[in-house]
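What follows is chain A paired twice: with chain B in the first complex and chain C in the second.
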Partner chain A sequence: MKIPLTGNPNAGKTTVFNTLTGQTASVGNWSGVTVAERVGTLRKKYHGTDHDVTIVDLPGAYSLSPYSGEEKITRDYILDESPDVIINIVDGANLERSLFFATQLLELHVPVVIAINKSDMVKRRKNTIDLTTLSKVLNSRVVLLTATAQMGIQALMTEAIALGTAKEPLTAPQLTETHTDTTRQIFVDDIIRQSLVKETASSQVTLSDNIDRWIAHKWLGVPIFLLIMWLIFWFSIEGLGGYVSAYFNDVLFGEMVPHTANRLLESLGVHPTLQAVIVDGAIGGVGAVIGFLPLIMLLFFCLSLLEDCGYMARVAVVMDRFFKKIGLSGKSIIPMIVGSGCSIPGVMATRTIEDINERRMTTILTPFIPCGAKLPIIALFASVFFPGSTWVAPSVYMLAILMIILGGLLLKKIFVWEATSPFIMELPAYKVPSLRHATTQMLVKAKAFIYKATTIILVCNTLVWFTQGYSWRLTPVEDQSLSMLAGIGTVVSPILIPLGFVGWQLAAAAITGFIAKENVVATFAVLVSAGSTQALHLPGGALNQLFTPVTAFAFLAFNLFTPPCFAAIGAMNAEMESRSWLWKGLAFQLGIGYMLALVITQVGTLLIYGKPAPGFIPAIAITIFAIALVLATIQKADNQRNVIENAM
Partner chain B sequence: MVINIVIGSVLVGYIVWTLYRFFKKSAQGKCAGCAIKDSCKAKCD
Partner chain C sequence: MVLTKAKIGQTLYVKHIEGKDKIKKFLLTLGCYEGEKITLISILAGNYVVNIKDSRYAIDKNMAKAIVVEG
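Coming up: the complex of A and B.
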């Protein structure tokens, strides 16, 4: 039996889906979280029959006449896949709007169960829904639900399976003879009058409205957003997260695990070289990355709470004003927030943007938001070069937002774009965030992080250890600078000198970072453990031989803004729908990351130390060339725009 | 001696297998290479 879950965006479909199937699909208290169908099997405790019940979570839709790509997915599924019964999740707090779509579904001659979700919110507003009247007027099964508390789920599935087994749709309610949107809305309004008893008038100012006066304020919205983000990053990276991470780095992966592994391997009689590969290479590299797991978990826990309480939807609205000026809309914010977990789903979330130009711009700019993989780099450099500072991590995120805006302006100038689409977003009511949901999301992200660390990161660092300890003739080397890795790094390092990055080690870390960003930290861990006795992550540690605080911040920026990892590039390729645009996007990211690092190093060194950084003269030449290239490209784009305008 | 061969073989085998899987998944793009695909809703099949 196939049962799709339909309903307006943010009605709670994914929460119901997770409860019914036991999955942990990401939910968000905003519209547009689900952009493709997701399939799961109904848990046994919810069906008393022998049926195999498949539950399909569909993207939110306001009507069967699709406006966006994800609404089309929903319509096509309902019309083409012949579901046995449809569960239409209706937002009880927004009954007027939700029933419009419900009445369209009822006319499809497919059995439909109407599940009125958020009944707790209805009750809190002191409103009452007359289920008997509603069921009678709609001629349909109606069930009351509070999905977040898993209330009403059993009753819902009993009704749905009974209706699906009978395979006899109830007769749809009769509208007027002509089914226009206006007559349908009049019909829905009439249903509301009959079935909803309101003690709180729609015009009454709610608590959500009052909070929004400040949170989504034209001028205060941005400073409040910055303050909230600063608090979260301070707490997770510098505060509790940093404290626990320090224990992981110093004690767990600094002493306990390597000592235990060494003792075990020695007792087994393992050859010292193999022992070093495992302990210094594999365990050392992985330990350096996993050491930052606590702060990553805390950050995602806090971000999940923010999403769940409804704040992130306000951020999109607040940022819409600024994004419009660079040819984007607040809709582009959603992929960027999703991208803070991992750039790949962030890039894929751009498909909710209808306009192809806006989508391409968002795809290019989304990886600028630091994803979970980049957090260890931020945390490492913050702890080594800026100990006790609370501004480093938040400033990196602020820098990311600034670069998105500047990058957007530049993209708008150097490429020919068409008009942007309007941004309409329904603001969900604020609610107390679910600790359970936040914990689940945190654990999912932690699991993904550990998986990555124990697969590709582990392998890369084993190879880094091998290549830094052996020459091209496969003989061990005492001096790292004679190794294979030094040879590879030396070829690339001249390109990085104008950025103040002197040394093959930096080039090697940057290269491994393109495979997976966590590799930057792990590569340094392996190189340092093999060439120095100083700790990697402590202030005044081995990294101070490679960087000044200024070049360290520039290296951070370089790794954050240059193209993302291989897998994210694969996602960009898929969403851009054009190989030429993929290359343009990657060149743009590389250019932004390179020039930003160059400016930070050269200007920062001159201002702070009063002397030019290494590579000052080449840096000036590169800057002049970059400016000339950008101006020429803008000129070319202007000419193209003139040709298009004259032709119209 | 035997333990060295066993551990060395396992290590090399794991490296080859992981690299093969990683680059194959990355080349596929989208979900295959995604770290949080199990919980993400921006999915595709």
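Coming up: the complex of A and C.
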């Protein structure tokens, strides 16, 4: 039996889905958290019998005529997948608007159960919904829910399964006539008059409205946003996160784990080569990454609280003015905040943007915000080259915001398109974020991170360990620079010289970074541990042989702004809806990352050390070429704009 | 008059909406259509916060200008 959950955005579908299936999908207090269909199996305690019930969580929709991409997914599912029963989650605090969609669903000749969620909020507002009347005029089953407290779930499923088994579509007699959108609204108005008694008018100023006057204030809005983001990143990277992570790196993965492993393997009489593979390759590399686990856990914990409280919609309102200047709208900020956890859901969140061009621009710019996987790189470089500083991590995010603005301006210049989509954002009432959900999200993300570290990163690492220790003839090498990895790195490294990145090791780390960003750290861990006894993450550690603080910062920027990992590129491909746009986007990201690293190295070295960095002359040549290329592209775009204007 | 001319706290009725059909249809699904009540709650960072049915929406100035209201 297939049962989809449908309803307006932010009605609580995903919360119900999590309860029904025991999954831990991310929820949030804004419209458009869920942008893809999600499938789960109903937990046994809710069906009691041996029915095989599949629950499908769908993106929110206001009607069956989609406005943006995620609504289309919902419409297509309902119309094409022939569900057995539809559960329509209705936001009790928004009964009138919700019934528009509900009556459309009732006309599909598929049994529908209407679940009125947020019944606690209805009660708090002293409103009363007459369930008997509502059920009668809609001629369908109506149940009350408080999904956050898991109330009414059992009754809902009993009704739904009974309807699905009976297979008798209920059709309300009043709904058999064909409605236009306007007559439907009038019909809904009539139902509301019969079944809803409101104690207070919703147009009265509420606590949320008063909070908004500060949070989304014309001048205070942006500083408040920057302060909140700064606090989150400081807390997770340098505050508590940095503290716990330092313990992990120094004690747990610096001493305890490798020593225990060595002793264990020696006592088992394992071959020294195998022992080296396990301890230096696998444990060394994976340990270097897992050491940063606390940062990622705390980041996701904080982001989950932020998403749950209702602030996201307000940021969109605050940022709309500024994003309009670069051809986007306030909606584009949401993918970027989501992307600070992971770029993949961030890129997917662009689906809620109606205009295709705006969506493509946002897709190109979203990966500029450092994702959780880039935190280990930031934290590693900050602790080695800028010990004790509190500005490195936040400055990386400020740099990201700056690059988004500059990148947006440049994209607006080089691509010909008209920004026309209007901005409209629902402002949900604030709520106290759920600590339980935040903790669950933190643990889920921790599990995923450990899984990634022990699979893909482990494989990459073992490969890195092997290729740095063996020659092409598969014989062990004393000198790392004669190894296979050095050979591969040397092929790529010339193009990195203008950025001041000298050495095949840097090229090797950059390449493994495209598979997963954590690999950058893991690769350095393997290369350093095999070549020296110094710890990787300590100030003045072995990385100093490869970088100056200036080139280290440039290398950080290079890894942050060049195209994201393969998985995120896959997500970009899906949202761009065009292969040629994907290539344009990747070329743009590569160009920005490359030029930014080049400028940081060359200008920084000149200013701080008073002498040109390696590759100064080629860097100048490349800069001139890049400027000429950009100017030519802008010229071409301008001509195209003129042609369009003249044609009109 | 258009919505941008309304006073904060004022409740008005939608007379008609200008602009593309797609956006009109979208507003209609939200409950913003001829004859419906609309209340201007506040103006935040250049956006107009309005109450339509039981929900708050922030809309940009251009869209607010497209909503023609009467007392």
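In this text, the second predicted complex is superposed on the first by the 622 of 648 C-alpha atoms of A that agree within 3 Å, B and C clash if a C-alpha of one lies under 4 Å from a C-alpha of the other, contacts with A are read in each partner's own complex, and residues count from 1 in each chain.
One rule holds for everything that comes next: contacts are C-beta pairs under 8 Å (C-beta built on N, C-alpha and C of every residue); 3 or more make two chains touch, one makes a residue touch a chain.
Just so it is clear, the structure is predicted and the values come from calculations on it, not from any experiment.
Legend: residue contacts after superposition of the two complexes on their common chain; A:Phe566 is shown touching chain B, with no touch to chain C.
By the touch criterion defined above, A:Arg97 reaches chain C but does not reach chain B.
After overlaying the two complexes on the shared chain, residue contacts for A:Val444 are found with chain B alone; chain C is out of touch. Residue contacts after overlaying the shared chain place A:Ala373 against chain B, while chain C stays out of touching range. Using the contact criterion defined above for the overlaid structures, shared-chain residue A:Thr475 touches neither chain B nor chain C, since it reaches no partner. Annotation for chain A, partner touching more residues between chain B and chain C: B. Contact with neither chain B nor chain C is seen for A:Ser580 once the two complexes are overlaid on the shared chain. In the superposition on chain A, A:Val317 makes contact with chain C only, while chain B stays out of contact range.
Across the two superposed structures, the residue set of chain A contacted by chain B and also by chain C is empty. Looking at the complex, you find that chain B touches chain A at residues 3-4, 7-8, 11, 14-15, 18-19, 21-23, 25-44. Of all the residues in chain A, the ones that touch chain C in their complex are 62-63, 65, 67, 93-97, 100-101, 181-182, 185, 202-203, 205, 208-209, 212-213, 216-218, 221, 313, 316-318, 320-321, 324, 329-330, 422-429.
Those residues of chain C lying in contact with chain A across their complex are 9, 11, 19, 22-23, 25-26, 28-31, 33-34, 36-37, 39, 41-42, 44-47, 49, 51-60, 62-63, 66. If you check the complex, the residues on chain A that touch chain B are 14, 23-27, 33-36, 38, 57, 268-271, 274, 277-278, 282, 338, 341-342, 344-346, 348-349, 351, 372-373, 441, 444-445, 448-449, 451-452, 455-456, 458-459, 462-463, 515, 565-571, 573-574.
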